[in-house]
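You will see subunit A twice below: alongside subunit B first, and alongside subunit C after that.
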Partner chain A sequence: MKPSVRQLPEVATPFASVAEALNVDQMPWLTELRQQALKQFNSQGLPSKKVEDWKYTSLWGFGQQTFNHDALVHAVTAEQVEQAALLENSYRVVIVDGQFSSALSQLDNIEDGLTLSSLSTGAAQVQQHLGQQVDIAKAGLTALNTMLMKDGIVITVAADTVINKPIELLVINSGATDDLAVHLRNVLVIKQNSKATFIEHYIGLSDQVAMTNVVTEVVLDEAAELEHYKLQQESDNAFHIATLAAKQAAKSNWHTNNISLGAQFARNDIHSRLEGEQSHTTMDGLYLVNKQQHVDNHTRIDHLVPNTTSNELYKGVLDDESHAVFNGKVMVHKDAQKTDSNQKNQNLLLSRGCEIDTKPEMEIYADDVICGHGSTVGQIDQDQLFYLRARGLDEVTARSLLTYAFAVDVLERIPSPEIKAALADVIEQRLPRGGAAA
Partner chain B sequence: MLEIKNLHASIDGKEILRGINLTVNAGEVHAIMGPNGAGKSTLSNVLAGRDGYEITQGEVIYKNEDLLALAAEERAQRGLFLAFQYPVEIPGVSNVYLLKAALNAVREYQGLDELDAMDFLTLVRSKLELVQMDEKFLNRGVNEGFSGGEKKRNEILQMALLEPSLAILDETDSGLDIDALRIVSDGVNALRSPDRSIVMITHYQRLLDYIVPDFVHVLSDGRIVKSGDKELAKELEKSGYSWVNEESAGLPA
Partner chain C sequence: MVTLMSEQAQQIEDFVPNEYAAGFVTDIESESLPPGLDEGVIREISRIKDEPEFMLEWRLQAYRHWLTLETPEWAHVQYPPIDYQALSYYSAPKQKTDGPKSLDEVDPELLKTYEKLGVPLEERARLAGVAVDAVFDSVSVANTFQDKLAEEGIIFMPFSKALKAHPELIKKYLGTVVSYRDNFYAALNSAVFSDGSFIYIPKGVRCPMELSTYFRINAANTGQFERTLIIADDDSYVSYLEGCTAPMRDENQLHAAVVELVIMDRAQIKYSTVQNWYPGDENGVGGIFNFVTKRAACRGESSKVSWTQVETGSAITWKYPSVILQGDNSIGEFYSVAVTNNLQQADTGTKMIHLGKNTSSTIISKGIAAGRSQNSYRGLVRVGPNAENARNYTECDSLLMGDKCGAHTFPYIEVKNPTAQVEHEASTSKISEDQLFYCKQRGLDVEDAVSMIVNGFCKQVIRELPMEFAVEAQNLLGLSLEGSVG
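Presenting the complex of A and B:
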């Protein structure tokens, strides 16, 4: 569907003046890309609720906000970084208020075959891939990102290389700049028979209004494997917009896990294209929202060739007046015989005021496939609750424990024990009786 | 230990318990028998503190406290234990986690420190032996995929660990084959002690061959209509509940 064009929102005003700065990289091909994006954004603007993909999510509040695009001096200490990071032992790339900080990053002893650089220095390396996995003509926010992207991470892994240490991209909003908007672009290229683990981690240190708009493009060559985690813990006043897109060659494996805890408004668009036989996508996610939070996860998996598989499990816990949207689309194209795909979305509602809109979708144009999908919405089981209370657990603890028990199978599917444990800690802390459960 | 006085309870406006009187002293084992629909499960639920019942009259005193004023977890922390007729499956919560949390809840109430991991494990292992359960059950989800017999043994395992003052066993024999019944009964018998009281709620006399009660009560239509010793259970077995119902028909409503 063509995105509906509407009057350019307030949000665009400061961006128009950025047009002259499109040559910031002094790379003609990149300037050209930015100019195209500007043109696209000016013609389509932000999507309105009339667009099916944005039916349940309004960008109105976002459009009302005027953002700053230049960060003041950022004051984040090494201790704060240490505290914010998910993993102790990792290659750590730190971006503070939209800018790569080499001083705060931890990039010693990089294994052979791995290159890590910030977008500002690494863009040329991935010229042939940058902008290829996303379509600026279809998504206004991606066009916006493309014209304004300033930093991010570029990762390449050479062929036949297993990178043992995980790579954590830690994106910190310090709160030092009012209403700061940050546009990040990450590009990962994993060559054949190689393997890496990547964590995108977004965190806010204050309750400042802020916007993060990130696009992550992933290229998996033959038999490449990527464990790809995303942990979003931004402030209660943050707008978080993320697009993740991967193309997968034969026998490749993209394992995604998307945990959304923070932000007043979060939208994730996650898309995999299974272009080679025996490739596989795991698309998992967990959202825990409360107060007035809004989280919208749109996922799409395209099975384009025969013998590909995908497995998707998204779980949500909603409290207070929060609102969540799940829209998962699996497309099985005409030639994609022997596709095996399973998609599930399960939700636990903890209050009367919350709302979930869930829409699992499958479009199947091949006739020899195994496909299943479904969604559920439920509440805390009263019999389970009584059982725990009859064993002496107070009601708050018992509810937290049952909530954790509901969410835990998303964690159970995580391959790396270290990351599983770290994320389990984060989830526990988020529950009402943080740390008391499990 | 426990004193139930003229207890009336309703659910959805329908009166199920219609004046129960029962005194259980420390160390005693009581059996409450009765036909389906007599109010047996209502009685155990009301004592354990399940929501949804309205107490219209009467009181329950447990260790000199007003039991009915306490939340379910407060009753558990004070040593009241209900062995469920239908133990609930809780996938995602490991059995060992629940055992530990339950024990620590009781210990916290008693002003004791939490047991450290090693001491806890040693303690749990000794209790597993009592109910002949394999250690692998510890890391499974609570009752998840357990057979009927395993669920009931798991209840007795919890009881053995928590060492309650008052245990209410709700239809603990239901769904057990003869071997499982023996294991469960042996477990309960091992827990009999002068300062622990046990109330068994059962439909069948069979259980009482294994756990011999000091007193037997017949519950019918929401009231205890007959009390006696273990011989009463045998009489019931012979003549059925209709015999009691006929005898009690003359009682004032």
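Presenting the complex of A and C:
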């Protein structure tokens, strides 16, 4: 399993400018990390399709694209931000074209115990965690991110604190800069018995070619809880690469929901390590793609100790000539007895020309477990369609309604009614509207 | 609770089998080529077997292609690298004449071996209605029921014999399902295969009996490379049984067979395997490496193939009996029980490639892992862009016995047609304490209870086997897991 070496010749160039921007002289450990990543990237390059994790997703197009690493001045207004944001009532951290904007952010009346800062100011605070949840040796894109990360958000929640207001990280690509590449790093540390809600929201305002490569690292201490949502609405020509990784101490709960709607090319790697007993992960997600979109979701849950549980539901709706990939891996390590794990992936194919490649995997090294997974591929039920048509709905509306019903299922486990409703709205808007319903 | 669990863990250990019942070596003279592989060896094999020119040419092409390949490493198995130059590629029981004309002429030592294995070669064969084409270290020594089969126009003979009697059929079909370019072991097999079975069922014929072959690996250090080719012409039917045992050895023996099935319009092949080769001792010493390429091509419309396998032996089992569903309305089925114990490793499953319209496939896989073994299901369901209304149902369940073994599932599903319906379902668990308690409370001892539960777990597969085999398979299951529980 040797990844082929396909280097981006210009990778060393942006490194100099980034190094400057991050004030690396004051943080030699960070410079060191970047150097390691650079070395790693130069020896490994980007993964080829021969690597099992990239079997169905080619980075060829990505490798051919040249990107601009320096953003020009943007002109995003407060109204645009307001329109783009998912939630009205939240702490809002806005990053435009790769740079944190305090003017557009909404960070008043921060509750006690919560600190929110951009990576450039908050990195020192999370030195012990930064880079710990991801492996630069494994994925070329993570090495690329580590080498070039410029901004992002650092969130810490003190022990015994419940943060009531959700935190929305709004990452906007304004389109002001051609072929802009943005490398973001988010670090969240939730201390024991604390709770927070975090939404990563990526949005493109133009159809400019762009690249977002984001790594989010999460550390959950004992009995910490994080509701962690991700909504991706990048522009039609964007490349979106995201890695989410969490390590979970005893009794902690990580609830992720990953909704992928935009980008011509999207790849999500989501990984949780259940390191403490009675910890739990929920991984839900939806990919709704059309035209020639390509979306690839790779999830992995490591059950490392006894008495841990996980639950996963990913659904996909594929239209036109889109291509979706799902790979869900559940690893039950030796001695992780009493693991209870359940995974489901369901796909709805709407059109000729689309392709789904799904692979739910289980690797189990303990015997006293209950593990199951299921995977289906199918189409809209003709009887259901007939039922709706017989009641006067036109074909487009009927199909949209059935598709909507299929898709919103993934939101069922979201506890907050506001977030659930907001996400359901976004999904609904994405579906075609028929005459009768309008 | 803790004591209960450890007590049960102990019972599991106790239940795990110990002695390999079929472990014995027949002491007969054999004629072998010295170890090593080059074009000279291939020419020699071809010369010994007196093969037509095209066969030698094909072998050499395969060999040259094999030289360009690297050993595949993607399977979830671990084993020391194989030195292909240290193996001997041909071994045949020494014969004074050109071949035995009747059973009396067969080496009595050999017949004794079959008796120990319970091969119904003599009157037992007649009673059981089984025609045996027994392959003993690469050369077929006896055939039965030839006349009866010949009446129907069925060709059932050793591969080398068929090569002389029906070269046109072999030339037409050999390598069309599994090309020598297919993979490392298929290339190796194509270059050096010694013998195997050839079956041709003519149009409209329903084979009146179950056809069966026993394979044994006997001479030490000899890899056995069989080649089986079965062709079912239009509207025909055949059920083929393959069962294997091998003597106990301390060195790993390589077995890289190729099985090709061709199924024409409305024809049907049922291919059943019970594999019980020497799995190595409890420390993983010895045992067979079973790296097999099995594939069926449903060429005709409404053709059907059904693979049923019970895999209990071999140190490493690495095989994926596959079906290419080319003809419209064709059907592929795969039923498998794979049992691993001690340090055995199995990476097995199937591939269903849907190409024709209205094709359907069913996959039922049951994996049982005990001891320190690793048992993986790896499968592929692919629906091509023109495979309208393809349907697949997959169910793979794993049962774990003991906390040192592993069970893994790697199903690949690739769909390029929006009318396809594909379902995959997998579960992993152990025999629950509730189930055991229920049985024990009704007076069954632990062993019987486990045996009953395991048999129930595998029933879906076992019932697909022909009757004679089903009995053997059930015994094997019991034997393989004797003493173990969850």
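Here is the rule we use: the second predicted complex is superposed on the first by the 409 of 438 C-alpha atoms of A that agree within 3 Å, B and C clash if a C-alpha of one lies under 4 Å from a C-alpha of the other, contacts with A are read in each partner's own complex, and residues count from 1 in each chain.
Criterion: contacts are C-beta pairs under 8 Å (C-beta built on N, C-alpha and C of every residue); 3 or more make two chains touch, one makes a residue touch a chain.
Since we're looking at a predicted model, the values are computed, not measured.
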What does the overlay on subunit A give for subunit B and subunit C, a clash or a fit? fit
Is A:Glu395 in contact with subunit B, with subunit C, with both, or with neither (first, second, both, neither)? first
Just to be sure I read the superposition right, which of the two partners does A:Glu363 touch: subunit B = first, subunit C = second, or both, or neither? second
Scan A:Val93 for contacts with subunit B and subunit C and give back first, second, both or neither. neither
Just checking: does A:Ile259 make contact with subunit B only, subunit C only, both, or neither of them? Give me first, second, both or neither. neither
May I ask you to name which of subunit B and subunit C touches more residues of subunit A? C
Quick check on the superposed pair: does A:Met283 touch subunit B, subunit C, both, or neither? Answer first, second, both or neither. neither
Smallest distance from any CA atom of subunit C to any CA atom of subunit B, in Å, after fitting: 16
Which of the residues in subunit A end up touching subunit C in this complex? 1, 52, 56, 334-335, 337, 347, 349-379
In the complex with subunit A, residue positions of subunit C that touch it: 5, 73-74, 383, 385, 398, 400-430, 486
Touching residues (chain side subunit A, partner subunit B) in the complex: 381-384, 386-395, 397-398, 401-402, 404-409, 438
Subunit A-touching residues of subunit B, taken from the complex the two chains share: 48-51, 71-73, 75-77, 82, 84, 87-88, 90-94, 97-98, 101-102, 105-106, 109, 141-142, 158, 162
